[in-house]
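Before anything else, here's the structure in question.
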Amino acid sequence: MIQSIDYSAVAVPLILALTAGLVLLLDAFLPARPGGGRLLGVVALGGVAVALAVLVAQAVRGGERRTFCVPPSLGSAASCSFVLDRFTLVFMALVLAAGVVVVLLSMAETSGGRVPVGEWYFLLLGTLTGAVLLAASRDLIMLVVSLELVSLPVFALTAMRRYDGRASEAALKLFLVSVVSTAIMLFGVSLLYGVTGSVHLDRIAAFYASGQSAAPAGVGQGVTTVAIVLVLAGFGFKVAAVPFHFWAADVYQGAPIPVAALLSVISKAAGFAGLVLILTTALASQAAVWAPVVAVIAALTMTAGNVLAMRQRHAVRLLAWSSVAQSGYILAPLAAFAGVPRDAVGASVAYLAFYAAMNLVAFGVVMLVSRARERNDLDDYQGLAFHSPVAALSLAFSLICLAGLPPGLAGLFAKVVVFRAIVDGGLGWLAVVMAVNTVIGLYYYIAWTARLFTPLSTGTHRSGSAPVAVAVGLAVIVTLVFSVAPQVVLSAVG
Amino acid sequence: MHIVYPVVVSALLFSIGVYGVLARRNAILVLMSVELMLNAVNLNLVAFDVWLRDRLHGGQVLTLFVIVIAAAEIGLGLAIVLAVYRNRQSIDVDRLRDLSETGASEEAGPPEEPVGVGEDADREARP
Amino acid sequence: MISVVVLIVLLPFVAAVAGLLGSRWPRGGSRTKENDRAAARRAAWFAIAPVTGSLLLTLWLASWSARALPRGSASYTGARFWAGLLPGSTEGTLTMVETGSVPISFTLRADGLSILIGVLVVVVALAVQVYSVGYMRDDPRHPSYSAFISLFTSAMLLVVYAGDLIVLYAGWEIMGLCSYLLIGHWWEDRANSRAAVKAFLVTRLGDVGFLFGIFTLGFAAGSFRIDDVLSADIPRGTLITATMLLLAGVAGKSAQVPLQTWLPDAMAGPTPISALIHAATMVAAGIFIVARLYPAFLGAQPTLDVLAVVAAIGMLGAALAALAQDDLKRVLAYSTISQLAYMAAGLAAGSDKAAIFHLLTHGAFKALLFLGAGAVIHHVGSNLMTHMGGLRTSIPITFAAMTVGFAALMGLPPASGFFSKDAVIAAIEHSHSPAQPFLYGAALLTVGVTGAYAMRAWLRTFFGPARVEALPEPPPGTAHVFDGREAPRSMLWPIGVLAVPALLLGFAGVTEVDWGSALVSLIVALLGAGVVYAFWRGAPHQDPARMLGPFRTACERAFYVDEAYRAVFARPVLRLARGVVRTDGQVVDGAVRGAGRLTMSLSGFVRLAQNGNAQLYVTGLLAGLLLITVAAVVLG
Amino acid sequence: MSWLLLALLAVPLAGAASLTAPAFRGRAVSLHGIAVSAVTFVLAVVVAAVFDYGDAGRMRLQTDWSWIPGLDLRFHLGVDGISLPLVVLTALLSLLCFVHLAGHPPDGGRLRALVFTLLVLEVGMIGTFLALDLLLFFVFFEVVLIPMYFVIAIWGGRHRRAAAVKFILYTLLGSAVLLLGLLVIWTQTGTLDMVELTARHGAGIARSVQIVAFLAVGIGLAVKTPMWPLHTWLPDAHTEAPTVGSVLLAGVLLKMGSYGFARIAIPILPEGAAALAPWLGALAVVGIIYGSLACLAQRDLKRMIAYSSVGHMGFVLLGFATLTPVGMNAALFGNIAHGLITGLLFFVAGGIKERYGTADMVRLGGGMLRRLPYIGSLLTFACVASLGLPGLAGFWGEMLALLGAFRPAAGLSRPLFLVFMAVGGVGTVLTAAYFLVMLSRVTHGRAREIVPVGPPLASSEEVRVVLGPGEPVEPVATGTAVADVEDSGPAPSGARLPRADAPAPSGARLPRAGRLADVTAGELAAWVPLVALTILFGVWPKALLALTGPAVQAIFGLGGGAG
């Protein structure tokens, strides 16, 4: 029997994949002209834009689309591997928007000449496809494959810069830790498959809901717990949660900045999508098992992230640890899933959306400044407000947003949403830990912001770059919209 | 035969792979031990598939995918190791210490007070 | 009618504001000689004219009150001595302030008692203002000085005519502030400034108790108006606690025993101030309050017993201290404490009539003595009696006036002191409280000692060898020296005016004289004076105080009460303050800074794990995972 | 008429936004600042005029738009008897600050940025007092943090960075805990509307939850009010902040904390308040004594005034702790009075620091009344008002607080509050002590002769100062007249003067630039309104009590229900 494929459902990943192929072909066959890199960039950007347009159309038409379904006759009800519902649409929108910004940043990076342009965009689009697929996947196989599709291109992208020892070292580290985490996750998946006997998330949920298990009760529960934790490992690495956070700063520093932005936003979003799918659809009834684990991991992540970021003197490393801390804040509401299921997922996804916007602004400006001064030390930012006020103001705005203080209203509302979910779920201690963490976080955010406004006697030359400026502008506008009307996100997340 | 045997073998195989990753200094040998871990997963999957007599054979399908993923990873891994060798002339994982906390902030020096900007310095700077 | 009372209180206040802002206004702040003189002249007019207005209005009010028919039911029990003299009373409420619990009503009330005291206050205030024109002629800060005196007068009148306890408390505190400002008039010398601070703090301590007393009464009676308080039936226990607390305020303001150390140091201020504030008015306010709320005090017998004991100790101790002082003003200061203790004894003995009568006469003759002393100090250029002697020839008018004053102080027959002190002693004799014999003995003994120190001061100032030599430059704290002639007429007129009531006020007292006790006290007084005269006759150069023998230094230092207070209160508080600053720096702030340092060191520690080795990362990863799995399974 | 409140917020915001236009240069910037704050002040006065005093208990001029349905955060503004005086006070103090700024440009230059920051600060402050939605209150509560951080960090004194960092971290910790409290209230009641919550008088929230919520909200507000143990950020922030910063910090920011008690903690969580009132009272009273003692031993004038704020806010908190209408009235009155008086104190202290180049009392020597008579007398007036002299605004706040403590609410233990009242009374004496001691050290005594040695030094730069040890450090050494000798006699007992600077030959005089100019017209224009208002509220307390009375009755559910 041949599965019928609903091409309109699969449209978005398909477009991205085809664009990737097109970019590779263009790179291969087009004569090597100086403007070539920019053309490929535009093509990639066009691909992502078209995908975004299609996505918006599907969102407007509303309704759910399912495809790659298993016919009901075999075993229980029909369960499909690829589902396009509200949750998926939000994640796709998030990933594609971030993709636009990353592509714009890459244009500046690729114009440097040290990076093969065609391969760069091909891999970038590959990652985007993987991320979009992951958001829509509803069975373990598709989840694993799309997770790998997100990870592998990033290793290559990190190592892409020629003759850059640090980049290759970062890539190797990323590769090692990622592969080990994937292996651990696969082992978890195999155990989960062993216990539940099925690969589809809804069937696993049905299995646990019905309560009967193939193996005798004692062992079954133990194996399930181990399976859950091991599966968590895979996504924990992607999200850079505590035991899996060691690689973050080294890789962000070593990798080119667009890749760091990619890692901190898109791959993290994919990680969260996978985590939410597994935990809330497949293992919803096992919440009593994984909720405390997620709570402890969230608390440790935010604390480790903030504490490590306090004494940083390198801009990108600081942003790396700050993104680790922020993923702690995103994880926290998930722990309250037992108490308030809908709010928990909503809060987590909302915070992720706010975080993505704020973080991209910061990475954009860091990209701008690092073009003038490679060293990227915090002291290079001193007195930025005096000779490039717009960049300084947007960086200050994003840092204050990340800290969660007005005038950065986006960050403030994001934190309020998360705090509300935690307090609703009854996790008082986690709320207090998060409050203390906001204060520690503010310490290094305000330290950096203060540097921007302290005058520096020696003026430094600033080299502008159009695409990055557009990227920063785009991200700032999105953050401003989120600040003034956060309802846009909250209603979308639902 | 009872399901426990393959699962235990798979677990042991997995542990050997983990040991290989942690103990070996040479990057390529680390890659090999990662392969070992992935194969342990395959064994597990196939064993469960047969034990469950799953009509959809989810386990075996996933095994195929895992094999493909392993291949892709190893290809990419070796490419990265090659790049590291070309840049650093050694693929000893222990010696790749360039990107580290202390490394990054060596030349800048630890901050002497919370904000790291001597206020006297910039006070004179002010007109 | 109430508008008259409002005007009486407001006129000095307007004078104060005009004096402060207006006296230098047109020519700006430039401090040249003629600017100061013109400003001083203008300030003098700003001060004297309104107080005269107040005086006339008060006299008119008194005449109206005397003519008014006695009101049928005196609002509070007992026909008072002044109700007969000035039966009319009037009361008006400006507004009622809703505080949320006990309402405060801005009320003024003038009745017999307050009009009598009002007259005393305004007369003495006018005398002092006129006197100051001469005394402070070329003092650069004359405008602010006279303005503060007007402000003080207005505050005292507010206390006298207040119908609501909180309004009374407001006047009470403003008086304390004015006394601070005026004592510290010559603030160039830090000792004067410190004396002013001490005066304010000690009275402020008393005022805290006073405020709590007002709260107790206010809550018990449901309103702060004096009429409501006196007419409400307050349970005996609350009444006792309230009156005891009020006593604290009285002790503070009237410099009674526990809180009397500030008055002798208050002599650091100019002499007219001592005359006005520290002799006639402010110190008398405490006694006035007890008289004002007398029905409440009568209901609380234990309070009166405490008052009696305090008065007995106060009068005797102060009298002995006065005997050993070398500074003329400090003699008069301790004498004031002693005389106030007399009035307190009168109140304790149950006769507020005697106490108020003595208050009036004391106000007159003590102000007279102080103004006279001012003239003497002007003449000699120093406060110390060792520098004085044989002045009866060089300053005859002052001599005559001060003789009248001292006679009144000792209680010799023609002077007013005789009648008022006799009334007090008679009251003590006939009272029948447990402390009566102790109080009566102390009273008689004090009469003798008063006779002694009055005679000693009189002899050492005006008799004996003349030792005047014109000092080149007056030490700080005294006005400039006159060239040997009598004080200018502007100073003599007030002395003359005050001499009249000091002499004749006694006859105005309508009360019959209890000749028995009067004779006894007269004999004791003459006996004291005789002993001093004998010692003085023996060696005119030496100080008759040597008769105290070993107790002399103790008496001079007022039994070391002041040093004790400083050792027990002032110094420990300062040490505690430094301790608080240290703990605040190390402990409370330390905790905050410590938290910051702790996080920084934690960050340092956690960073160690980031040494760049990928395999360490993977090990950390697996270790963490193992830990979580075991925890999940075991605890799950 | 409800647009008035929106205009009250929009005008300063527009003013700040318009500053980004490069059109403004030098003088125009400060004039712009004055103009915008003047318009805001006029609007505030119009709101006060149009306010219906007959029924001050109900919320007037309400605007209520839905801003974020997801968080059901409504842009709900309104003003009643409690918040109106605070709004007018904020507008007034901001105007006076701009007037002061016109005459005295800030130390750190960059006037345009300072005016921008102060206008944003004003929006945050006024917003906090107008907000009637818990989360909106929280947002405005936090809008104030970043501007005040920059005011201290850029235009402050020598150690401004550390002080600014400590200020913002400490206050943020407080407001984070406050947010937790607000969210607990929200989860229990399901609504964020303060008017609704006040009307419910805590119905629907279990007692234990009320206690937890009150604790969280209380700690958040206590950090801002500075209650005793959480106050250590205040002295550093005040000492390092510029004059304008100190005035706004003391005049308004502290009020936001105490306003929170009056608007959120006590009305919405009555049982929580009743349970924790004794603790609140105890900490308040300790604050009074602690603040007063700390002031007694301070050497820096601005730091001393900062600690005095801890003492005065102790009385305000005692007023709240009694949970009685008179206590609440006392606290609200004390708020306004403290705002006016401490604003004046900081203005004068700023003027002194500008002229002498230092705020260290020992270095100021004495005799300010001789050299700067008008500034000296203004300082004396401010100190006298601050120590609570009746007839000036400071008295009523403290007296009514003690009156409230005399008979606290029914549930509270009376003997405990009587002890608080007694300790509060002793606190007033200590307050009088440290103010008068300061006056005696700074304004009295003989002015040290200024011998203009060499070229006049830069006016505000710190000069290498040598102390003639003749100056008695022990302020209240009565009895023994320690002559104020000029020559360097042995310094009396007590701490040797810490040689902050390298010891120079003790004979050198204090070289300072020529004769010090007394108070200028600009300064007078900024200070006289505060003096006038202090006297007005002192002589006529009904002006404020008639306003807060009905609102407080509504809170305690005695009078008519809240609107």
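Note that the chains take the letters A, B, C and D in the order they are written out, and that residue 1 is the start of every chain.
We take it that a contact is a pair of C-beta atoms (placed from the backbone, for glycine too) under 8 Å apart; a residue touches a chain by one contact, two chains touch by 3 or more.
The structure presented is a predicted model; accordingly, all values stated were derived computationally and were not measured.
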item: Selected interface, B-C versus A-B, where C-beta contact pairs are more numerous; value: A-B
item: Most central chain, judged by mean C-alpha position against the global CA mean; value: D
item: Separation of subunit B from subunit D, taking each centre as the mean of its C-alpha atoms, in whole Å; value: 57
item: Whole-Å gap between the CA centroids of subunit A and subunit B; value: 19
item: Distance from the mean Cα position of subunit C to that of subunit B, given in whole angstrom; value: 88
item: For subunit C paired with subunit D, centre-to-centre distance based on mean C-alpha positions, whole Å; value: 35
item: Touching two or more other chains - residue numbers and ranges from subunit B; value: 18, 21, 30, 93, 96, 98-101, 114-115, 117, 126
item: Interface hub residues of subunit A, defined as touching at least two other chains; value: 172-173, 176, 180, 184, 249-250, 308, 311, 443, 447, 450, 454
item: Residues within subunit C bordering two or more other chains; value: 596, 607, 610, 612, 614-615, 618, 622
item: Partner subunit C, residues of subunit A touching it in the complex; value: 172-173, 176-177, 180-181, 184, 222, 225-226, 228-230, 232-233, 237, 242-244, 246-247, 249-250, 288-290, 292-293, 296-297, 304, 307-308, 310-311, 440
item: Touching residues on subunit A, where the partner in the complex is subunit D; value: 350, 400, 405-407, 409, 412-413, 415-417, 419-420, 423-424, 431-432, 435-436, 438-439, 442-443, 446-447, 450, 453-454, 485-487, 489-491
item: Subunit B residues within the subunit C interface of the complex; value: 18, 21-22, 30, 93-94, 96-103, 114
item: Residue ranges of subunit D touching subunit C (in the complex, touch as defined); value: 166, 169-170, 229, 231-233, 290, 293-298, 324-329, 366-367, 369-370, 373-374, 384, 389-391, 395, 399-400, 402-404, 406-407, 421-422, 425-426, 428-430, 432-433, 436-437, 440, 443-446, 472, 474-479, 481-482, 484, 495, 518, 541-542, 545-546, 549, 552-553
item: In the complex with subunit A, residue positions of subunit C that touch it; value: 599-600, 602-604, 606-607, 609-610, 612, 614-618, 620-625, 627-629, 631-633, 635-636
